[in-house]
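Next, two complexes with subunit A in common: one pairs it with subunit B, the other with subunit C.
Let's turn to the complex of A and B:
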């Protein structure tokens, strides 16, 4: 291998390694950034590794993607992005094949694949673009969902929801500070719910059945909302859509457990040796509690998620 | 070994760390006869890997691993680890020194080789932590800009008396200036029940906290002068000597030491078997997140997945019908567990075979062990390739070293340490077992292969006392708080006190008390008091 190439490879390896360790330590904030980093890394992999056929390329992407996913199984955005890229490669390949069918040669010729490569890069660019704009897209729909004088409850900290509400803010031509905000703790959710017109939450992942994997406490909010018949709107960009189901045998892999110090202080002393403290990150919210998904391509009911899935990912890629 | 391009990095920007991969004591004997302590597995991963992972995740780019005992193994381990790959984020260099007997020697060696360029992290190779070191290093550097003489920042974690991760051997009392976090007095407690506290500590400084609720994490951020000071004062053996020395000479040299008490993060050092037990439990209950068993820190193929009640299972574990994994259990790859076996609070290594109706509570079983049916293991450590035949009972506090075979139908006494080879310590006073034919030592069953291990006989009283302490299975009752009363006295601690015969000591003590009492009544000035007390000696 020429020295330049080996340097490149080393550089790529290093990038992948750092990304993996960042994932492991959880130092990347927000699944949006994770997705963005995954895509840019995949683009780099595609442009820098050697491949001649589409199959080879897909194998490379798949194996690298697998490694990345293994380093943090609960971060679904990585897998989603890998699947999305695979789907794009498939589409590109199919269209390249169609375009040159007059040659009558179904084998992957070099020229065609070079073509495919060029377009691939373009396409990745559009993927990136898509994602940069998702927040605005979602925020744009705010007008349809929020009306004046509504009381809205939200939980945790979500960038998407923030944009959404800000969009509302713009629509009402209000200054940022003029949205009245009350912070309540989770035990007060039920009491407050009767006064709330709408619950808007973000999520970590949208499961294949339309359920949610959202921050801890979401389930309680969703149940309270159901009880009071308050609509629950979930803001989620398309990259959060995952082909995973929650199945009973790997419920544990579904969640992520953090250090228990948020729940109980380490200096608590003797009691710690007698008890177990669990600090899960996520809650599963079943699809029947969700009224509407607002994504960057419009609002959808949870029962429609399967349709989106088949649009976004290729069925062969569901299991990487 | 180090990729060349890293050398272009600006030398000052690189954060360095010195890892002392040797304990310089025998707490883990006889296990450490064959393998250095830092390579012993905690939750199935060598301790050193945790330390290196912690350092690299906190932005350290250059690590010197200082090894002396069985250094070849450590060097091979580092060479085969992911740190040696070109994609690793930091450079790990082993530094070998066979003759090194203490941490002081190690630092002197480092000074002689002039490896250190700027502030560095000093840490033992058996430390587990998830602290964000960057902030502490930043704080240290800021302090150094203001005051060139601030030598060291020690990292402590709050753990009040009675806490399970508190190390009985390492208990310290310190006086810390509340506003600046400067250490004004530092003292190990050891076995003392009464503490003397120099009154100057309270007189000379404002706002002093006297703290007994801290766990020494054995992590310190050192200024580049520290190795030089170790070279200059060659009687400093440990960091405690150093801290004591610096504090005594504080007025002359003007050097200062600071502490940083971490709040949310975790850090502790596996300094003895009790700590091994406590820290393993902390790992399992995820205090050290993200260094948890399921995070796969050394990129192995068979990663663990975390289940309910903190049960971590590898993918290729064979569990027979009816076996119960209660809580806080790790089972490594390739292991199989028989039916009706109950395991709780334990770690099982890779490729272990555990039979039927076995009971394992609070034990640590390393790789390739074979445990036959109807065995009971409580609070013990079983090293690699230990074989327990049918019906063996291992009682609390036992350590079964490499390749030991015991059974069948034997009940081991409590707190026994077994090795598979007789210890020939050259003193001629070998244990009776050693004289018998290897395979048939009756104490350990007809197929047993084990010898009782006792600490080398040249250890003095003090060390034996410590050995009693490290019998980890025994729950050493902590002394009542009330017993530890501190006496403020005008004299600074006199190191020769201990060597005085007891009678003289008592006499001296009562005289001093009288003098003090009188002084209080008659209002004698402090200076005169010191003179008087000194004359009593």
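Let's turn to the complex of A and C:
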């Protein structure tokens, strides 16, 4: 291999390794950043590796994607971006194919898709464009959903929600923007809920059935909102939509746990040795409790999520 | 409540188009719920000055929804302006007030017991001045003490009921007996109250739980924050040899669950500890929820530490039965349907501290649009509660007004008896 190319390959491998270790340590903050990094890496892979057919490209993307997903299974944004890229590859190929012959549904010509020759298109451009402007799109829909003098409850810190509205960091940024904010404890949610007009939360992932994998405590908020008949609006960009289903109510398979240090200090060691401490990160919120999903492509009901899935991802890529 | 029923009666008769015109009594809202009414506040200030009680500075910034409730700034010294004079406040009461304000004594039962012990000391140090009757003078003496304690921290329902009982006892002391005899009577009354309503009631609740087998082998019991009654029930069940484990759910900022955890672990019960946001996660494996109560309201709602309603809600959604343990002396004639009308507002600065991470809201006062809310109580609707365990037995939430009525009838009977005796005397 000529020296320039081998350098580039090493550089690419190094980047992939760095990304995987960052994922494992959990040092990337926010699923937006994770998704962005995944996409830029995939773009590099596409442009720098040698491939001749669409099938080869998809295999490369799939294998690299699988490795990245394995380093942090709870970060669904990685898997979602990989699936999205695969779908884009198929779409581009199908549209290129349509230009040259009269093929119908690209799914029917799957065999052809995998075996035929493809062009070295620049697929990456489409994907990056999708991502940069999601926040503005979501924020733009804010006017449709909020009117003046409304009391809105929000939880945790979500960049999406912050963009939408103009736990304690969010309150600070809201207060700096001169929005009348009150900070309450998570225990007081039910007590205050009767005076709230809308609840707006962000989420980590949107599952295939319309349910949420959100931060701890979201289920309690959703239940309280349902009891008081307060609409629950979830702001989530499309890259958070995952084709996974919640397999059972056994949360151990779906949840991630952090160090109990945040719950109880290690300095209280005497008691710690005799008790169990749980510190789960995620909460499952069933789709019946959610009223509306606001994403960069508009507002949807949770029952519509399955349709969005087929637009974003190809069913074959659901299990990578 | 008397005032409300009076107004309702007036409405009815006005609607009946009768010839008699009844003057409608204006409905009186209790003073401690009128923090935003300037006239009431002026009256309160005058009253406190007359009683030589320092008034606490009201908080600068309150959440608008709670303008009608008092919220105080944390002060360096509550008692700086108290003078050393014989007509001042009894030092034991001052000590008690500060213990309340700082949170050293907290919890319905603990506060009530401390209050009664302090009043026993007050009575011990009291001597009737000449030309005055003990029954009237002592009551007048106690009034400023109660105002002071109220200023330190809002009176709890248990304390309110105990004070009502004490006042009843004082006013019903016959006028012809000596000071020492009167004091002996009062001690007996107070001791009887403590023994019967608090200590034995807790025993009775524990016995009911045992008799009805409400805790069985293999149970996973969820408890919230710290309740002395629930703790006793669990310890007694453990002593009986029942195998169960406990999940303690804790809420910020008070973190009372740690105290509960410490005591349970010390006795050897297997415990798990989580924070409020993980309640949904642990509720899946729970078989029962035991909750304590600050008060039971007339309409069947349960007033308890903030966060209790959330636990009950989550339990309901997972079909886990919720059992509330409450002694009958905490039953209250008031009815309430939300947590706004009557509540206690704690120190907002407690919300700032979130444990390990550096607090974001350290200088929250610099932002005009930011307020912090630290509610102390919340009310749980009766549809979330399966059973209320009292010393009288296991009752549904809807039977609380029945118990209250029974108590009132008993009191009326005693009153009638007392006045009949008095009539005979003269």
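Basically, the second predicted complex is superposed on the first by the 284 of 320 C-alpha atoms of A that agree within 3 Å, B and C clash if a C-alpha of one lies under 4 Å from a C-alpha of the other, contacts with A are read in each partner's own complex, and residues count from 1 in each chain.
The rule is simple: a residue touches a chain if its C-beta (ideal position, glycine included) is under 8 Å from a C-beta of that chain, and two chains touch if they have at least 3 such contacts.
The structure presented is a predicted model; accordingly, all values stated were derived computationally and were not measured.
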### Query
Aligned on subunit A, subunit B and subunit C: do they clash or fit?
fit
### Query
So which one touches more of the residues on subunit A, subunit B or subunit C?
C
### Task
Based on the superposed arrangement, let me know which partner A:217 touches: subunit B (first), subunit C (second), both, or neither?
second
### Query
So, A:276: does it touch subunit B (first), subunit C (second), both, or neither?
both
### Task
In the overlay, answer first, second, both or neither for which of subunit B and subunit C A:185 touches.
second
### Query
When the shared chain A is used to line up the two structures, what angle, as a multiple of 10 degrees, is there at the CA centre of subunit A toward subunit B and subunit C?
70
### Message
Is A:229 touching anything from subunit B or subunit C once the two structures are fitted on A? First, second, both or neither.
### Response
neither
### Task
Using the superposition on chain A described above, determine whether A:18 touches subunit B (first), subunit C (second), both, or neither.
first
### Message
Once chain A of both complexes is superposed, is A:71 in touch with subunit B (first), subunit C (second), both, or neither?
### Response
first
### Task
Using only C-alpha atoms, work out how near subunit B sits to subunit C after the chain A superposition, in angstrom.
7
### Residues of subunit A contacting subunit B in one complex and subunit C in the other
261, 276-277, 279
#### Entry: Partner subunit A, residues of subunit C touching it in the complex
63, 65, 251-253, 258, 261-262, 265, 270-282, 284, 305-307, 309-310, 313-314, 317, 338-340, 343, 351-352, 354-356, 359-361, 364, 367-375, 378-379
### Message
If we count contacts the way the header does, which residues on subunit A are in touch with subunit C in the complex?
### Response
168-169, 171-172, 174-176, 178-192, 194-195, 215-217, 219-220, 223-224, 227, 249, 251, 255, 261-265, 271, 274-280, 283
#### Entry: Touching residues on subunit A, where the partner in the complex is subunit B
10, 13-14, 16-18, 21, 24-26, 70-71, 252-253, 257-261, 266-267, 269-270, 272-273, 276-277, 279
### Query
Which subunit B residues qualify as touching subunit A in the complex?
3, 56-57, 85-89, 130, 157-165, 213, 264-266, 281, 285-290, 292, 295-297, 303, 305-310, 327-328
